[in-house]
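Notes to accompany the following structure.
Chain lettering (A, B, C and D) follows the sequence in which the chains are written, and residue indices restart at 1 in each chain.
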């Protein structure tokens, strides 16, 4: 018989106000195997922990049950406590009588009854707890950063600066991301390219950083400290070694294509770099549009290339690399406007999105930095800005606030007024949100100094009137119908998670929220970690944020990576699967459902009658197993069990609950 | 074990995955969202750890209802566990119904770590439903 | 029929003589007209025991498990239904394909002794033989010729695989699949699903009440091939030994669940159940639901694939509230 | 000797059921079992072998022997002394009646099984003599008379339109006395009819075996190769043991819910791999060979050595029900080698 000690925590009044502690103790003393039961104001305090340690020694306890808060809170604390008293840490079990009892129930009598039941269940489980031991696992001291926007660039640079190798993965031919598309940045109106390009160059030149562009994650295996990632290096059709980046091919390529970087406002060639300051500044052939690949004629670039770098026969290559940690910084997509027909986007050339507006402002953009109306090439006088397009819209868009639109619209209003003297802007808004250092002041400047008029109201319709546009709305403050005649309409388009975020999440075994933004491990206390150890988040892929926040998060993720990689080794989780040789039939049903490839076949020798025979059974790789237990159910004879959550333990818990 | 019909308070065993639904239950607690005391949670690492035998065992030992709660599809901490849960318990649930067990008695729900309100809501809902059915007699041991 | 037996004997005798195999599994005749148990032929001298008659029903595949046989190379006669059991064992890695030589015996259906007893005095029957569409029943020396269709086992009347799906050698020509078998496959299940909840429960509790927990259904089933069955384990005790309704339902639910997606519908569990429990109605219910929810799947056809509970698709539908 | 018209049978059973729990053979979904008598059930008077033999009324498949509760002070509730409600079994066939005598040797021998004894004492057995044996019946091979049932309290004989009842024990006499007014005195003609029926019942056996010397032969056969050959077909189900009227092995199981629980006695089968499995993992009967050997050695050698009779009454259930046609008939034939007129 086990010698179980039960410790009930008051948690101040958090538990004690709803659960009758004395009654619970009295009941615990009657439970099978319990030889000691006592209580504590705060068991997690030093005093409380000492009491547990002393009782273990004094009463020769070999199992400990602590009735307190959620094991998600203090399981580790109390494991250490019992370990300090000489017990295996896994001899400790927690009865969650706070989150799942005192905090959710009001009636003291029934709550006490439930607390007793929860304690009994934990006692039943603890009686079957076995000693478990961690193993040490080495760490691969190399990090992978997925996404070469400002978040990924910052994270890669910071990690590299701590001395660890980093691979920076980018799916486009160049790093730079969204920030490269921006003209100026709020609230200082720095030129975006001016502050970004040096960082891009730093990345390219850093000896600890390997840049892997035009590539995507194919497969992720392994676990913290030991990920094995397969990367698909898409066929660029240009030999990166030979190419000097002279650009002749791009000038001579006869096939013009709408430029993604310029938001379709300009053209690029089929062989292209996304933008002039691209890093690496070496082109790729877009096989979907290249004449050779689509029509089997042309090969102009091959003829023109002075170094013979064009290689039409290139195929996708797969790089397999081990990493100790991964930073996900995949950024965002802009919201699709197909549900917003009332704004006439796509129907009238002078209705554009805010990102398109950035390109129209930009000196290297389609208009060379002159703000001109797409319809007639003349500078606009009056521009309407419609806020929250696709944001804060439960009916047909995103319910959340995209966070950056208020600020960039203020920026647009200021830039407009600076570029086109005498021009006016009209901003239709729901609320203006400007939390951030110098943000409110920046917004004030827009309407105080730059002819911006803010109108609170939803725009119901945008329609053409001659060569101009009418914006119809209601001024929510006065109730008056507003109809403005303007030259251009700019839609503050919402921010979406990447359309393929779910796929990547599955490959990485991380989770997303309802809007496909990756989930952090804790919204406040672990904002850059994911629930999968060793995988961290930076930038908008985690949720809408502006550049300063993105950079801060990227640096934070880099520190997390560095602190992980600076460890010698990691302790493995001992609550993993285990095979009972005698019961295993070797049908490998377990292997089929294991998400980590942690189960393999093994040949054993066995006595059958008077003979020694060999047969195959399943074996668990203790480093790969993460302890989900899917195998334990696939295994019909119950030959594979999960340590810490064994069949015996769970059945005992069920029995104890139903007593 | 005798069952007093008038004052019958159903007993519901909920198998909750550690990463989503158990966290959801904790969040319900942290947010002080109340729900009936009828529910007892068994913490499992993943809903795919729940063996159909555990469900039947709970009913045999006197549970009036059993719930499996796991992460939403695509959100499994272990990648794919809840997809197996979905397949396994779709067929188990339908078989129990086929054999004449009330569908409300055995349920599967997806409750994420951020859905404290949903957790409390589901507990309220299930307790109501099962209370209305009365005690489980069909799968219960006669002891 | 006689020629069939002869053909089988010839095949077995050749194989044993040439030492292609060291044992052959087939069927033989025993004392009563309705007894055709499995024969273990280990010597050429014994091949004459082999028969093919209306009662050679028992699926011999399970005897290929190591617990039953230690021969290195075994020949086995299999009907269509039996043959899928071979794939079952291979898929479960419980049988090395190289260890068996499979002799396929296409089958037009086997007779139901109870149906015959209902029409003829069992004691007086000396012998039952099959001749095309007819059964010839020797009643005290007088031969009665009846339509086989009316005396075949129900499971044979709805058989979808009368011809072996795996064989190294087909012993005689393939036979046509009966008409309407696909429609008949889930007829009993459809019917049951239409009944009210309480009616379903009373039906099943009445059936299960007869269960004596002999485990014959499990032990004859090639899909139940675990070395140590969960129901036989004492620690933990998954199934109480007490023959209470709770434990009996536990047994039948979990047994059916364990063969879900793996049962290949040979129907032997139901046929040999001494208590006449309609076990196929549980097995087929699971097959029907698996097909409906996760795509059609035929167990026991391809030993390389993964049964439906061993795989998933992200977009699978669910049989519960997924909101 | 008394008699009752078959048309009055229901009335008689109704009267009996007022006095005790009355069980009669009833068909349900084509399977005949002893079931509690109710006004609307149709009593099956023709089926010879009910599926689960009536030994279950004295030796139930599952019975709690005690209940304990240690949640407060240790409390133990013993069920044995409470066992044995007043029970009447109607329609037990002679082979099954004779199996009771065999069970008595086990459970009423030293030490006496109290629950069993009380059930036996409180049960009145009304046997139904057989008229025409099934093809698998071979009770005559064990010197049983199909029309007679010496161990029964009352013997009922179907004489066509009537059933003749003769009390064979005081319990039987008391039972018939209760029925006074409903049942009539049998005539000498009826007595003759009974005799004729009993004689006629002996005819028509198509199956018999010679059991002479089987026990002695088996004395030297423990290590015989015969068992290696015989067991191969066995799929290790427990059908034979559970349908056998004389198999009487049980297992003790603990049903525990932590601080409360029950100790349960339930039928076990020597065919099961865990029957002799020991706590530390050793199994003295490691393969099906030892288990099959055990079953037949027990019935045909150990039991007769100990108790003087073969532990078989020739009911033929195992012959009919064994899924692989491995039965005691075959074993007796092969061991004895002196088969009768098959």
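What we mean here is this: contacts are C-beta pairs under 8 Å (C-beta built on N, C-alpha and C of every residue); 3 or more make two chains touch, one makes a residue touch a chain.
The shown structure was predicted, so the numbers you read here are calculated from the model rather than taken from an experiment.
Colleague: Using the touch rule stated at the top, which two chains are linked by the largest number of C-beta contacts?
Modeller: A-B
Colleague: Using mean CA coordinates as chain centres, what's the gap between chain B and chain C in Å?
Modeller: 36
Colleague: Between chain C and chain D, what is the gap in Å from one C-alpha centre to the other?
Modeller: Once rounded, the distance between the two centres reads 31 Å.
Colleague: Averaging only over C-alpha atoms, locate the centres of chain A and chain D and give their separation in whole Å.
Modeller: Those two chain centres are 70 Å apart.
Colleague: I'd like the Å distance between the centres of chain B and chain D, where a centre is the mean of that chain's Cα atoms.
Modeller: It comes to 45 Å between the two C-alpha centres.
Colleague: Going by the touch rule set out above, which residues of chain B reach two or more other chains?
Modeller: In chain B, 52, 57, 61, 74, 80, 84, 88, 141, 143 touch at least two other chains.
Colleague: Can you pull out the residues of chain C that are in contact with at least two other chains?
Modeller: 230, 233, 238, 240, 244, 309, 314
Colleague: Indicate the residues of chain D shared as contacts by at least two other chains.
Modeller: 255, 257, 287
Colleague: Take each protein chain as a node, join two nodes whenever their chains touch, and name the resulting shape: line, ring, star, complete or other.
Modeller: Per interface graph, the chains form a complete graph.
Colleague: Which chain A residues qualify as touching chain C in the complex?
Modeller: Going through chain A, the ones touching chain C are 506, 582-589, 592-593, 608, 611, 613, 615-616, 634, 636-639, 647-648, 651.
Colleague: Per the contact definition, I'd like the list of chain B residues that touch chain C in the complex.
Modeller: 52-53, 56-57, 59-60, 73-74, 80, 83-84, 86-102, 107-110, 138-143
Colleague: Which part of chain C faces chain B closely enough to touch in the complex?
Modeller: Touching chain B: residues 189, 192-193, 197-205, 230, 238, 240, 244-247, 249-250, 253-254, 256-257, 260, 282, 285-286, 289-290, 293-294, 308-309, 312-314, 316-322 of chain C.
Colleague: Which residues of chain D touch chain C in their complex?
Modeller: Where chain D meets chain C, its residues are 28-31, 33, 51-52, 61-62, 134-136, 204, 206-207, 232-233, 235-239, 241-243, 251, 253, 255, 264, 266-269, 272-274, 277, 287-288, 319, 321, 323-326, 329-330, 342.
Colleague: Where on chain A does chain D make contact in their complex?
Modeller: Those in contact with chain D are residues 30-32, 120, 124, 582, 609, 655-656, 658-659.
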